[in-house]
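Handing you this structure, nothing more for now.
All chains are identified by letter, namely A, B, C, D, E and F, in their written order; residue positions are counted from 1 within each chain.
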Amino acid sequence: MKPFPYLQKANTSFTDREVTKIGDLMKEWDGETIRGVGLIGAHLSKSSISHSGACFAPGTIRKALSGYSTYSVEENIDLANWIIQDLGDISMHITDVIQSQNRIYETVQQLLKEHSSWLPVVLGGDNSITYPSIKGFKEAKGEVGVLQFDAHHDVRNLEDGGPSNGTPFRSLLETKTIKGTNLVQVGIRDFSNSKPYHDYVNKHGVTVYTMKDVRQASMKELMESSLKKLEQSVDSIYVSVDMDVIDQAQAPGCPAIGPGGMDAVDLFEAISYLGEHPMVKGLEIVEVDPTVDFRDMTSRVAAHVILNFLKGKQRGGLTFD
Amino acid sequence: MKPFPYLQKANTSFTDREVTKIGDLMKEWDGETIRGVGLIGAHLSKSSISHSGACFAPGTIRKALSGYSTYSVEENIDLANWIIQDLGDISMHITDVIQSQNRIYETVQQLLKEHSSWLPVVLGGDNSITYPSIKGFKEAKGEVGVLQFDAHHDVRNLEDGGPSNGTPFRSLLETKTIKGTNLVQVGIRDFSNSKPYHDYVNKHGVTVYTMKDVRQASMKELMESSLKKLEQSVDSIYVSVDMDVIDQAQAPGCPAIGPGGMDAVDLFEAISYLGEHPMVKGLEIVEVDPTVDFRDMTSRVAAHVILNFLKGKQRGGLTFD
Amino acid sequence: MKPFPYLQKANTSFTDREVTKIGDLMKEWDGETIRGVGLIGAHLSKSSISHSGACFAPGTIRKALSGYSTYSVEENIDLANWIIQDLGDISMHITDVIQSQNRIYETVQQLLKEHSSWLPVVLGGDNSITYPSIKGFKEAKGEVGVLQFDAHHDVRNLEDGGPSNGTPFRSLLETKTIKGTNLVQVGIRDFSNSKPYHDYVNKHGVTVYTMKDVRQASMKELMESSLKKLEQSVDSIYVSVDMDVIDQAQAPGCPAIGPGGMDAVDLFEAISYLGEHPMVKGLEIVEVDPTVDFRDMTSRVAAHVILNFLKGKQRGGLTFD
Amino acid sequence: MKPFPYLQKANTSFTDREVTKIGDLMKEWDGETIRGVGLIGAHLSKSSISHSGACFAPGTIRKALSGYSTYSVEENIDLANWIIQDLGDISMHITDVIQSQNRIYETVQQLLKEHSSWLPVVLGGDNSITYPSIKGFKEAKGEVGVLQFDAHHDVRNLEDGGPSNGTPFRSLLETKTIKGTNLVQVGIRDFSNSKPYHDYVNKHGVTVYTMKDVRQASMKELMESSLKKLEQSVDSIYVSVDMDVIDQAQAPGCPAIGPGGMDAVDLFEAISYLGEHPMVKGLEIVEVDPTVDFRDMTSRVAAHVILNFLKGKQRGGLTFD
Amino acid sequence: MKPFPYLQKANTSFTDREVTKIGDLMKEWDGETIRGVGLIGAHLSKSSISHSGACFAPGTIRKALSGYSTYSVEENIDLANWIIQDLGDISMHITDVIQSQNRIYETVQQLLKEHSSWLPVVLGGDNSITYPSIKGFKEAKGEVGVLQFDAHHDVRNLEDGGPSNGTPFRSLLETKTIKGTNLVQVGIRDFSNSKPYHDYVNKHGVTVYTMKDVRQASMKELMESSLKKLEQSVDSIYVSVDMDVIDQAQAPGCPAIGPGGMDAVDLFEAISYLGEHPMVKGLEIVEVDPTVDFRDMTSRVAAHVILNFLKGKQRGGLTFD
Amino acid sequence: MKPFPYLQKANTSFTDREVTKIGDLMKEWDGETIRGVGLIGAHLSKSSISHSGACFAPGTIRKALSGYSTYSVEENIDLANWIIQDLGDISMHITDVIQSQNRIYETVQQLLKEHSSWLPVVLGGDNSITYPSIKGFKEAKGEVGVLQFDAHHDVRNLEDGGPSNGTPFRSLLETKTIKGTNLVQVGIRDFSNSKPYHDYVNKHGVTVYTMKDVRQASMKELMESSLKKLEQSVDSIYVSVDMDVIDQAQAPGCPAIGPGGMDAVDLFEAISYLGEHPMVKGLEIVEVDPTVDFRDMTSRVAAHVILNFLKGKQRGGLTFD
């Protein structure tokens, strides 16, 4: 019997014996082999064009995620057997942004090389982490196809402010880390992108689905045709979710909010569909700024993105038995 | 003529002679016979698992409700002839939660026995009030069927924390106050319920419509088939609305918010459809926490739930002539 | 070369050489001929029935608008050749509301008479500005048809509080500034209008589309039939957008918020459709109160209303070559 | 015995049998003779130069006041025998500010003439109510001396915006309602007043105590010499408290906040000292804007101003036996 | 060398090698002997009369505390040698408030009996924890003297709502856990206490220092005479700090805020003076509600209370060598 | 006569002909000779250890400053003859923090060399701007003495995070830009600095006044003795104000808030005293973060710091005739 039966660790929350929460599956990584999804934080947002607290999102997304049940009642799928390693955060330099980005690259590539069965879920941070993250991913995984959910093309020129949250796909294309024809952009929004940058992605052969396309086709059709194309030409697929692809009413905590965006349920369906595909081996979530959010709503949406990724993976046959 | 023509009661708001507001129909109850809908507050939320200010919702919902017009322009129905008795609040004990719940039970059952034409609209408070409220309802009304709108099953075990806002339907089923086959749960949400509790309600024969079901069928179909089943087996029907069934973007003031929820308009259509049925004789609204809401949005949605209930009742033939 | 290369005007924001923003097209008016859309602020909200900070909306809408790109990626239309004159604000009297309203009338009519090619975009302010604004519009443009997007009829009697934000269409009809048969009200909401006022607009032959109508028909159908009717009977058409027509989840910063409202994308489609029509020669946006908004969301929606108006105009052939 | 022992009026708060609260002493006025302090609301703030929600202050001050105990533990004085009449609010016109101000004048003067033993506590509203209020006070009470606590002189010219919250003492002086030599301004703050207006009050013989004076002398000395002067030359004294006289850290909910202001405790001491004097027969509190306050802090300070006024009056011999 | 040099535990904050923070001294308790100060959380606030989130204060106070430096520059005292055990939180029952209070009593008394060199710092929670906490303290420590900093007497009757945050000293006196003559109340505030309760404490021989006393004497004098008296009659002294003793401008996050309160620096001086005394063996901090605070200001003040207690103890000779 | 009498520039605020505001004195710099005080913004806060929005402070301080009157009623000094040049902001790089700091250095030194009569008022930004700013100041002005108002020493080591807001005085001392004996630190706070850094400044001969010193001496005495010492050993004096020197209740918008800080009025007195001295030739204000402030309170305090600097300069004989 416990000597002090009512003494518990500080900050312990209510436990119901019949409930398995995602938090129960999350373990601080011990350095051993990683199987399945493992979380890693890239809390960099000093690279943002506008003031951003996206550096706090790894914390709020982990917290939101850990509170959800493991059970998908809609599909009768229980994730209770998973182990979700939490690898921790990549440490950021206080005053040297470029070094911080390099640390992301070096850490991701080295980890993926040593842990080939790891399915990274990278928690940004702003969208600038996408370039070092995918660069590291590619070195371990070969030719990469990217499904980018974003209101914006993110191919700004690199001269006007360096490698910021407006430039990651420019960097990826210019350095030939990925080919334009292996990039699919979903959710591109009206009056939120300039014509020169739209022309730029067209010139590189990028597949672009605007919000008008999203409203007119089913998400399943768009994903199906995207995967069909990518599976011919790449070795593995990375899913990048800039949360501002969602409408401002549903994701109020992104730096660049606006109306006319995607419905969260459509995004969830896309993500679980993608997760089911065996070539999809990485996910990142960026541009959640908890300092301007309302009741961590946007982090809760982010958590559901991860949950649907897990559901897709389990549907796709990933097991922990 | 008034001696001081410009002196008015403190806090009087602007009056337009051509507008009848619900507030104009609301009367503090005088102890006489109650006909039709009467409001009663059950402002208990110390019973909540997480910190909750749902105890303030009776006040904010009344305030929101009283400001709306009596006129449904969509259906050309005017409620201007109604009298809505406000019975007041059931007093809560400061430190004894169980006694507070008992007071709800005792007050509801005694009132219903003495005022059989009363259609109670119970304003929570958290979802723990559902057990004493329906227990009281049943003693006066016979076998009860319940239509529960909720993201959650609410059948947690009673050992881990007593009769909280997570347990009301467990209590109702365990005490056989209602039969599982007379319970319909609508809006059950992904990753928000554990498998053991889903199995539990299935075992009890509860009808469950998840959000996936809600997205795939029309609300009218779900309600029609629910009522068809219940009208065979019960004496009266009680509608329980946990406002967290609504999507977090539309009902941001619930303790357990999240994405992937019901659209408010779907709920309104369900409620007015149910209200029209003569066996539907009670309504409760729970889990609105005004202390974390934005501009009383969630209380405004709650007010529209009541308005649609009234509209249904009038459509169903309830008159005050 | 610049003597102090890093010294810039205070408050300069980041500039990307490949991006043309609406702000780049906006010029403080120099008194010369105005072509196309010109903004004018009518920052009056002391006329509101409830406390309103709508007087700040001209500032927040301008700021939101100026940050968007000129490029509609959905329709491959670039507005980069436009010049958008900013005529400034109409000065308001501190203590004399009626004089403030007269200033709006006088300024609008005089400007329109002297600048017949000006397409005014009037930024309220509350809805009381509609009467002086349309009165001025009419004197310059002849018989006027009005497409009013609003949750409310806005035909309150004038005795109970003078010419407020609840009365503009009453004033317009009573003074025969517009005919009831030339008024179309879209988005009228349940329990938000009294029967006497609904009867009043019906008596005057106003076309009314409730939210139920909006949910059941396509926006394009409603606009098509509205324009077909108006183009027979008027000389020019004015579009009045009370932002509270939008659902509270998407436009949380209006004084009179509530559930059951219009989807912003439906409004955008209506506006660009209307903008395309050559007889549509004026637009106003009212009832945005930035002091109660969340992250200027409602001003961002307002900016998209203007953007879609511009897009419609360009689709309709307006050019600046 | 109560038929429903737990049913209570909606919104009833916790009652402790051993505690008498000010709220227990407050009675809605029944039209009978008023003795001692009676509250009256003048909820006008459309007259303000800057956007102000001071119209809500009568409600928040009443609420704060009613929650305090009747007992001054510091001086062992209990107000439990008082009756505090609440006369209600003076109704305001929606669109006619000048008429609203006239209603204040007419109501105050008529009430004071008919109820000579009434000690009015006028709850603004903005500072523009001071002119009509003191004008009414004077007609009933003869020559008036005014002790004004304010960071500002409030003698702006009347041409630039009419009778606003910046002009009340200009109006009082220009109309000779009060003489400059009978006006004492306390708490005038650095860089918050223009030289011409400072010269203006000097020219009129107004006594001015700046914040520097307040820091260097004791409040008791300043009050003593002020009363000594006024009691020679006036029939009755009116105390006007613009809450922005207090430092912004302690009264954060005033429209014109700033550092370098008065300590609340100094104000309380001044007020109870003044209240004790038999010639002091009226008090007003203005410029509290609850919409920008933090947790009604400023209304709580306002309530303590009233409490100290009551304490002073009881110390001065006012009894209800 | 670290295999992944940039990978760190999630949520790691910036570390400066030259800075020792209190957080560096805090260790999760391992069950071994406790020396000196040890923190324990009593996160109960369902016992509060008004809605309170004081249950969250143990978390916010720990967080604030852990960020401060160990070094008192004012007195050149460094606490860097301390070990501060964090015993964790006492688990609370979801629905049984009385059981929760009993758990506090049982845990505190058992711990103190087994660890006589422990100096408990109890983090509330609301003020209801004081009764079980001091009851436990007394069983281990003999006759107890209490220095209570509070705006309120906290001796409400127990009939009207049970053992709430308004009753702890009533319970202590009625059960003779402490004698009235061994209780000193400091900071009792005007209009915040009823006469019957003031009479009650007087009758019990309690020493009362109102805020007027605090303003007129030095804090050192008050503490000196208090200690002089207590050291004659008790075995050990417990310091209870209800944070609402501080003025609302400096401690805005207490449930019962108001003006006219104590300056934080005076409290700090009192606490370090008390801490220096060898008979002072326990400290509690209650009534901090982080859900209504501004930027955790009140938790920061609470942390400084603890820091000054530590400083006093070190000045008093407590060492860890 | 104006063609459109009511048309004014957007965002024009109310003008009173009898009031001269500081904003009326502020002119966008035209490149001509600068006399007296000129504002320059250094909106850098990506260099901060913790997330900071201090980059927005130049905007909010300018706005607060421009709204104050030119007249000091406390000393009968009017600044109405001043011209305050606004030189604008130094542009910051999006991703290269070190380059941003260099731009501050280069701009300040070049400007000061070309405009020797300029009295710079530098608006940060975080405290990291102090190193480049003073380095530039020194190159133009010779040996520099610094009066630093700060709760912190700001001499962190440079290895752990580069040149951040924790290191400016370390950089200044290590590079011998200033001598330790020419540095006076005022307001150093308890438990907010580590012993090694306190030893470091002592070793360098820095004069340190802790908050205890500030409470025990008059501010005038501290300033007098500081100036007496510096005027012997330096060519010019620079005043650096980290706003967190002020108590958190009065300056709630600093990143590192806490209790036990300086009273704003004491700071104002220090600044006007210093401003009067002819050797004091520069002022900077840093660490105001408007994104976490309450109603721009902290920017208002900052504005008063500048106002008192101007008042001191005028008292010291600076004229614009």
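Note that in this section a contact is a pair of C-beta atoms (placed from the backbone, for glycine too) under 8 Å apart; a residue touches a chain by one contact, two chains touch by 3 or more.
What you see is a predicted model, and the numbers here were worked out from it, not measured in a lab.
In summary, the chains found to touch both chain C and chain E are A, B, D, F. Relative to the C-alpha centre of chain F, the farthest chain centre belongs to B. Chain B and chain C have Cα centroids lying 38 Å from one another. Taking each chain's centre as the average of its CA atoms, chain A and chain E sit 44 Å apart. Counting only residues that touch two or more partner chains, chain B has 14, 49, 94, 160-161, 249, 294. In terms of inter-chain touching, the protein chains here follow a pattern that is not a line, ring, star or complete graph. Chain pairs that touch one another, listed by label: A-B, A-C, A-E, A-F, B-C, B-D, B-E, C-D, C-F, D-E, D-F, E-F.
Listed in rising order, the residues of chain E touching chain A in the complex are 3-4, 6-12, 14, 28, 31, 40-41, 58-59, 62, 86-91, 94, 103, 106-107, 110-111.
Remark: chain E residues 14-20, 22, 68-75, 78, 80, 249-250, 264-265, 268, 294-295, 297, 300-301, 304, 307 touch chain F in the complex.
Taken in their complex, chain C has these residues touching chain D: 46-49, 51, 53, 55-56, 93-98, 128, 160-164, 291. Of all the residues in chain A, the ones that touch chain C in their complex are 49-50, 156-157, 159-161, 166, 188-198, 208, 210-212, 215, 247-249, 252, 257-260, 292, 294.
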